[in-house]
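Order of writing sets the labels: A, B, C and D. Residues in every chain begin at 1.
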């Protein structure tokens, strides 16, 4: 096929073009013709189609995502907000932290190992592109039923991929989630998050300014990886009838990425970079158009200078390729030599592929002939916007009316004991050590807390002991019952987890995993969840700094539960004051903070014992969450508590069992007046935590809670080698431990 | 003059900065060494840290072994300079044949990261003299290619000459069959670390550099002894 | 007893970081003249029963669905003459 | 351009958990009658120059010192007829 140049396109206005095959709609294609005042060339069509895909343009979601900025609470900590590769937050002492969560759901279903591995690789490059050294990763995961044969294919591959890539990069994995539910059977969720640290003055942005500055592509050679992957893989429902659209999967090279990290940090250190962008979805199309669009607008690229792995690639394919482990930097001419020298030091291939120009056009040449001439904003930032119809589904009322409070409850102490053991040994509540032991949590030597703690925590300054904490949460069952409340509960839980470690919650990132936006019911879930999250962020004072949307998570007509995953970042001035979950010292008093109501809708108990999902999720009280957080942080700072564990799915009993097993000690619980044992143990009321208070601190702690109006109820004592609920049952730690620890290996090993 | 300990960085080395920190915590000067330089900058001892040099593609340690810095290190090690290989560093040392045997994929095929109990079998090497023989310590283990193998004859020789330096004695929590709770990867004779005949070259799979501060890592400082041992040796030498 | 060898290689268009690392190391080790290296997996299967067409078909099926992920890998199935094949070394 | 294949397998006396894991999984997937599986590595080297005895000697040396660790692995070196060999699949 001959080269489709700009000139040729102007001369052949009526040539047929495969816009539909590339995923564009008729009106979108017409709009491109209008923008260009001619038909697009093949290369231009490739660029627009990937950049205007759902995955890159957020066309279905952006009208809703706007709320995150519009409703954002005033926060002095926010240095860079939504729109950049990742948001940046001030954590004090001149340090800034950047963090973000992204999805790699569809690729991970097709090729679990590589899909998950490249998911980690992608988010790490986003963080790196902000100017930060990546310091930790987290991985919120959702799989189908734990005993389904396909879960045995997907889960081990995903876990090995996340470990294989992250371990090889030298990034400690400090948190995440593993949730099983049949709704994710054909559509696992593989979300990955990364945190990076830098000094304020090191923040870098993705923009190309300064005509004459050079555009340098560095990292891996470009191959035929995932061509069309971004538009097709991330936006289409799986459907066996269209195998032809199944594109090549990308393969990750973590060693190359490790070199890319070290090399990039070194060029930052020597101040050689004027602008930088990672190459992720949509590859060079995205990097060049975004850099130019955010900068002064003009850029000229000689595409034939791009180092290739496969010499037969066409210019369109080079523009669309999603080969991993590549970055694009804007460098002043006088600094180019030093830049290339540092790349050589790290065995990283680097090539000047173009320069920033005076004009406002992105121009791309192939062996001297022009194949692209576009206004970069029209590609990168002015894609289509859909106002998709949404409607509350007619089944929502029926679902909510199916109250979990009416489910039969245990009648005898024996039954209660048996249900506790079933809960603790259920796949969602059992220990995830078989999975998390496959991740390096020690590398970099700064890990203060990691799984199974409430939040991961790393030290970022060895002198002052300044640290940051992160937790990710999301409960699709709650969100299915009520997406508005469900999203708020996800935020509340992550917030509570961070506060439980003693860190002050500062900011939020999110990964919104939903079904097809073309289904009005799904779109309603999405609209409700974003509204709920934006409202809650405002009320808690934690702005959304960035995130990711993953749509089309469904098999056939059936969507996954709406699954907003929320990451909360917190800061702690002195990590030596962090609060772990372990009950370590016998004799310490156990206090339950917050109010316990009869709330079982969407609960772990209703799932494990009754395989039931119905009713309403627990009520949200964000003022209470904030107060609870303040108390947990003060108590940690002033040494009033030695352990804290937030209460969430599985309720009090799950938290107590985890804290006991972690510390190797037992606990004796007494059911307080006004509650029955069942409700005390299994209710999932939000805004609660259990803490261990040294006897010497009891008065001071009680006074603080009393003065600030937080209900604090003494429910027992750390003691012995069993978990005992007085008058009900006692379960030896050894029995709990084997039930809790053997469940996942029995299913997967 | 303080003792100077070189810490080598290969492409893909991960624990170099942690190892430098451990050297400093022990009161010595950490000297970064780069894989392309033959010059060892007159250090008194060298640590080959953990990580995935060259991605561990081909075999762990196989590619790094041929680097310029290793030429000098092999030469100096043979002349008696203390060398400690941790994890990937141990793998490099077996690939160079400074230490016998080889490291293979863990028998359960997974990467494993956990706090690992060890017994110090030989407290007379350059790197273990701060411990008592028979002392039990607990430090992080994290690898996927950690299964030590060697011919029966070699193993017998190692045992007879007291060259098994540290041995796995348990520590993993649940989730693994009983055998693996003791021995995390199928290493023959539970070997976690060995030394050469002269006692100056030591390799071990677990990571003492992640257990030198009470605050981070496992919260224990059981690994510090490897670094104070070499300090003791260097200042008394 | 018959031996069947299944070779699984990444498809030519798929990145092979392992092969690349080997290739890049060769000149440094003094081996010149190797223009490309690909690294794959070799499975040696000992077949207990008779190695007839039916058995081979089943092995091909096994290679296709299990030993290789055909999204990224190609495979070949060969019957090996157990005595002769190891001649070279 | 000539292709040389180097196959590297663990020595028979060394435990091969990867091969074992494959073998153990087979019956579950409905494949019976495989009595042993060993998993090794296959390297495909494209040789730029002429493939004479000298070149082959150098490749054998490369396999011995680099591609295989002969403490634990055996290897074979074969010249492959690039057109014919991929017949089976």
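In this text, a contact is a pair of C-beta atoms (placed from the backbone, for glycine too) under 8 Å apart; a residue touches a chain by one contact, two chains touch by 3 or more.
Here is each chain with its UniProt name: A = Phosphoribosylformylglycinamidine synthase subunit PurL; B = Phosphoribosylformylglycinamidine synthase subunit PurQ.
Nothing here was measured: the structure is a model prediction, and the numbers come from that model.
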Q. Which chains make contact with subunit A and with subunit B at once?
A. C
Q.
Between B-C and A-C, which chain pair shares more contacting C-beta pairs?
A. A-C
Q. Any idea how many Å lie between the Cα centroids of subunit A and subunit C?
A. 38
Q | For subunit B paired with subunit D, centre-to-centre distance based on mean C-alpha positions, whole Å | A | 31
Q: Averaged over CA atoms, how far is the centre of subunit C from the centre of subunit D? Could you give it in whole Å?
A: 7
Q: Return the residues of subunit D touching two or more other chains; collapse runs of consecutive numbers into ranges.
A: 66-67
Q) For subunit B, what residues touch not just one other chain but two or more? A) 54-55, 57-58, 66, 108
Q) For subunit A, what residues touch not just one other chain but two or more? A) 253, 255-256, 347
Q) Every pair of chains that touch: which are they? A) A-B, A-C, B-C, B-D, C-D
(Q) Looking at the complex, which residues from subunit B come into contact with subunit A? (A) 11-12, 14-15, 17-18, 21-22, 51-52, 54-57, 108, 110-114, 140, 142, 144, 172-176, 207, 209-210, 213, 215-218
Q | subunit C to subunit D touching residues, read off their complex | A | 1, 7, 9, 19, 22, 25-26, 29, 31, 33-49, 55, 58-62, 65-67, 74-78, 85-86, 88-89
Q. So in the complex, which bits of subunit A are touching subunit C?
A. 110-111, 114, 220, 223-225, 246, 248-253, 255-256, 309-310, 323-324, 347
Q. Contact residues on subunit C for subunit B in the complex?
A. 17-18, 21-22, 25, 28-29, 39
Q | For the subunit D and subunit B complex, residues of the former touching the latter | A | 10, 14-15, 17-18, 21, 66-67, 69, 71-72
